[in-house]
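Read the structure below first, then the notes.
The chains carry the letters A, B and C, assigned in the order they are written, with residues numbered from 1 in each.
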Amino acid sequence: MSRVTRRLFWLIPLVLVPVPLLLNPYQQYVVNTALLYVPVGIGFNLVVGNLGLLAFSNVAYFGLGAYTSGVLMAHLGLPWWLTVIPAGMVGGVAGSIASIPALRGVRLFYLAIMTLAFGELMRWTYIRWEVLTGGSMGMAVPTASLFGWSLDTDRRRFYAFLAIVVLIVATTDRLLRSRFGRAFLAIKDNEIAAAAMGIPTDRYIVLAFAWGGAVVGLGGAMFAISVGHLSPISFDLTELIRQFAIIMVGGLGSLTGGIIGAVIITAAPQVFTSFPGFDELVFGLLIVLVILFLPRGLASLLARAHPAFVDRYYRD
Amino acid sequence: MTDAQLLQLRDVTVRFGGLVAVDSVSFSVNSGEICALIGPNGAGKTTLFNAVSGNVVADSGSILFRGEEIRQLTPHEISARGARRTFQNGGLFRDLTALENVLVGLHAQVASGFIGLLFGNRSAAAEAAATRRARELLELMGVGAMADQKAGALSGGQQRMVEIVRALATNPPLLLLDEPAVGLAPQARQQLAAIIRTLARERGIGILLIEHAIELVMSVADRVIVLNDGRKVADAPPEQVRADRAVLEAYLGHA
Amino acid sequence: MMLSLLPQLLVSGISSGMLYALIALSMTVVYRATTVVNFGHGDMVAAGAYAVFVFGLGFGFPFLVAMALAIAVLFLAGFATQRFLMQPIVAGPHLSLAMMALAVGYTIRGALRLEWGTETLNPSRPYPQDIYMFGNVVITTDDVVICGFVLLLLAALFLLLQMTPLGKVIQATFQSQRGAALVGINVPMFHALMWGGGAALGAIGGVMLSMITPLTPDLGQWTLVQGFAAMTLGGFGSLGGAVAGGILLGITEKLLGFYANTVFIEITGYLVPILVLLLRPQGLFGRRAIVRV
């Protein structure tokens, strides 16, 4: 992709800046949600799509990031901006922990089962550690502030989120386009050959898991102040299917796909009124259809439209 | 032990459960020397090869590479020290282009560190330099035209060439070739032989190869090491090995 | 240590273990046939539970008829899922297979929640509830019915596999698909039938669940976790291991729950896959080593 077209992508955040002026509070909330799900999709895609490992623990990082932020704010009185980095770090550490079975050679369905169990174990922790998290009833998240500027409206939160998400997208893009990103693809393609070429596969697996976890954790921190109230039910397997839908619909292994997926999966439920169970039904069907008819996601359609839209690390 | 002794195996033994796959094998490979490892099926050639590259851990003995013990090192550590290998099949990154395959081969030499990649332009410059070098290497080996095609889509001979380019990308002092001629037509085999000879004579690279194609071995090897039932049965220049009784028995016995 | 309660714990452990065994067995049948783990299996079990409710209390059929119908419906569901959703992508990446199964499960769960999300269906037993005392050990009719039924089912399955020609065919195809194809067995049809069979067995487990626990749409989630735990404990891919793993899981839950801490009743199912796959990946009776790089 040429330098010029890459620079054009920086226009997108600029174009987004005046958008809040056109939105009512509810619409703004939806946009915020789409925005904070972008890093969630990106982090998930990095491990599952680029590195190619079946790690089903993404919701764990999301929840841990959210609760870290919420707990630090509620119990230690920290302002939100000071909890963001800890949330990311907790996500990163959780990702590193989840990579342990992968380092020991566990792959495929076994890895999926273990990481799924890990995610559920975390959810059980939110429920049981009532003193900290408020248990099943959940906890209220105090109003956020950014260096003293109160983030009490969705519009203000939008700008805070936008800054964070742009940073995440830019750095992750650089990572994927570097030799590290290429090493991830090599490991995904042929792990033994990758090692034979001098790539320290263990280290890179941990890197991918940690980065993915950290980025999703940051999404969690944004989630915490966007919804204002955390409860364990937000981080159950239904949430996992939503996150799967994001990367499947968007396109595995594509950063752009992660962004598109986040926007579509957040926007879609707004189009129809949501009864309990409707989300699951629709996301389930959507994933079935995507796997059958558009297995490489919407990113593959984009790629066919114009090569400029293709991330270099995305494989059709 | 002289400086030229690139690779030295002493009493290397590899066991799988109760089975002794490699039994106390010793030999050495010098810089600029081409050593062929031959023997009937099941003789232990692949296991021995894998022990050198680190894909299998030898149970006892010593494997010295440039004087350093590598028996218990991992494959990526051994590769980083300059002993690079190809695979008999399935060695390429099929979904990456030929160029990207070579870039992965160059991985250690692309000058972009982790912190540097987040800020500044060093990453882009390093990538560009690596890409240029990778294209040159592919061009040199006659596969420059397919640099941007997916490796999985190339012909067998082209794939073989790309894999060799990839292994050579970092100028390794020792090259381990796992049955490089398998599936190649006679003309391609001759090309391969010429390349192997050039690498050893002109670039001083030490080469250890497993091969079943006897004519290739005879025309290219400085020394032939014959394995049978895990044990070394001969270690001599090709003409001598050709006439060796023990070698004949090994092959006939397994016929 | 109150050892006097040990017999009681063992009894209830075996009782719930039998149920886990059935669920794990149903998942293993699918796995042995196609080497695919059905991540939607838990939701199929839940669907079986709801199905017997619909046919029984809804349509008014007698219990056994309702159960037969539920089994038939789930057999069809399993068959159709494999035939139309899994078979087309069987050569694709493992992620797609896992995701497809998971997505089917979620679709089922969503449908269940749409219909019954706001209510909890109470357990309905086709037999009078009673208890029997043996010394100071209490055995409920639930325990008797479940253990008895599962044992009968296991015996029937064992006889089927060992004594009938069909059983021999099934065993042979489990062991070597290529060999089976060579002797003329329609392997794709076999796959679909086994998914149907696994779903049917799972449905029986669902029927049992409907007799003893209140039903919510999230039952599938719990069932999946327990099934995985039992399978991993017994050894992935081993039919006997699935049964042994299930019973062992049930006993372990009860023992840890009483002697260590009540939390273990909830989290043993989560901890087992993690610990077993890290420490002894082949479980108790697993044959081959799991996929390792």
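Worth pointing out:
Going forward, contacts are C-beta pairs under 8 Å (C-beta built on N, C-alpha and C of every residue); 3 or more make two chains touch, one makes a residue touch a chain.
The shown structure was predicted, so the numbers you read here are calculated from the model rather than taken from an experiment.
Note on connectivity: the fewest steps through touching chains from chain B to chain C is 2. Compared with chain C, the chain whose C-alpha mean position is the greatest distance off is B.
Taking the mean of each chain's C-alpha atoms, the chain whose centre lies closest to the overall C-alpha mean is A.
The greater number of contacting C-beta pairs, out of the two interfaces A-B and A-C, is seen for A-C. Between chain B and chain C the centroid-to-centroid distance comes to 49 Å (mean Cα coordinates, whole Å). Each chain gets one centre point, the mean of its Cα atoms, and the points for chain A and chain B are 41 Å apart. Remark: chain A and chain C have CA centroids separated by 32 Å (rounded to whole angstrom).
Residue positions of chain A with contacts to 2 or more other chains are 192. Per the touch definition, chain B reaches chain A in the complex via residues 53, 55, 74-76, 79-80, 84-85, 87, 90-96, 100, 103-105, 107-108, 110, 112, 114, 117-118, 123, 126-127, 130, 166, 170.
By the touch criterion stated above, chain A contacts chain B in their complex at residues 171, 174-175, 177-180, 182-183, 185-186, 189-190, 192-201, 315. Those residues of chain C that touch chain A in the shared complex are 36-37, 39, 85, 88-89, 92, 94-96, 98-100, 102-115, 117-118, 217-218, 221, 225, 228-229, 232, 236, 263, 266-267, 269-271, 273-274, 277-278, 281, 290-293.
Listed in rising order, the residues of chain A touching chain C in the complex are 48, 52, 54, 100-101, 104-110, 112-114, 116-118, 120-121, 124, 128, 191-192, 236-238, 241, 244, 248, 252, 275-288, 291-292, 295.
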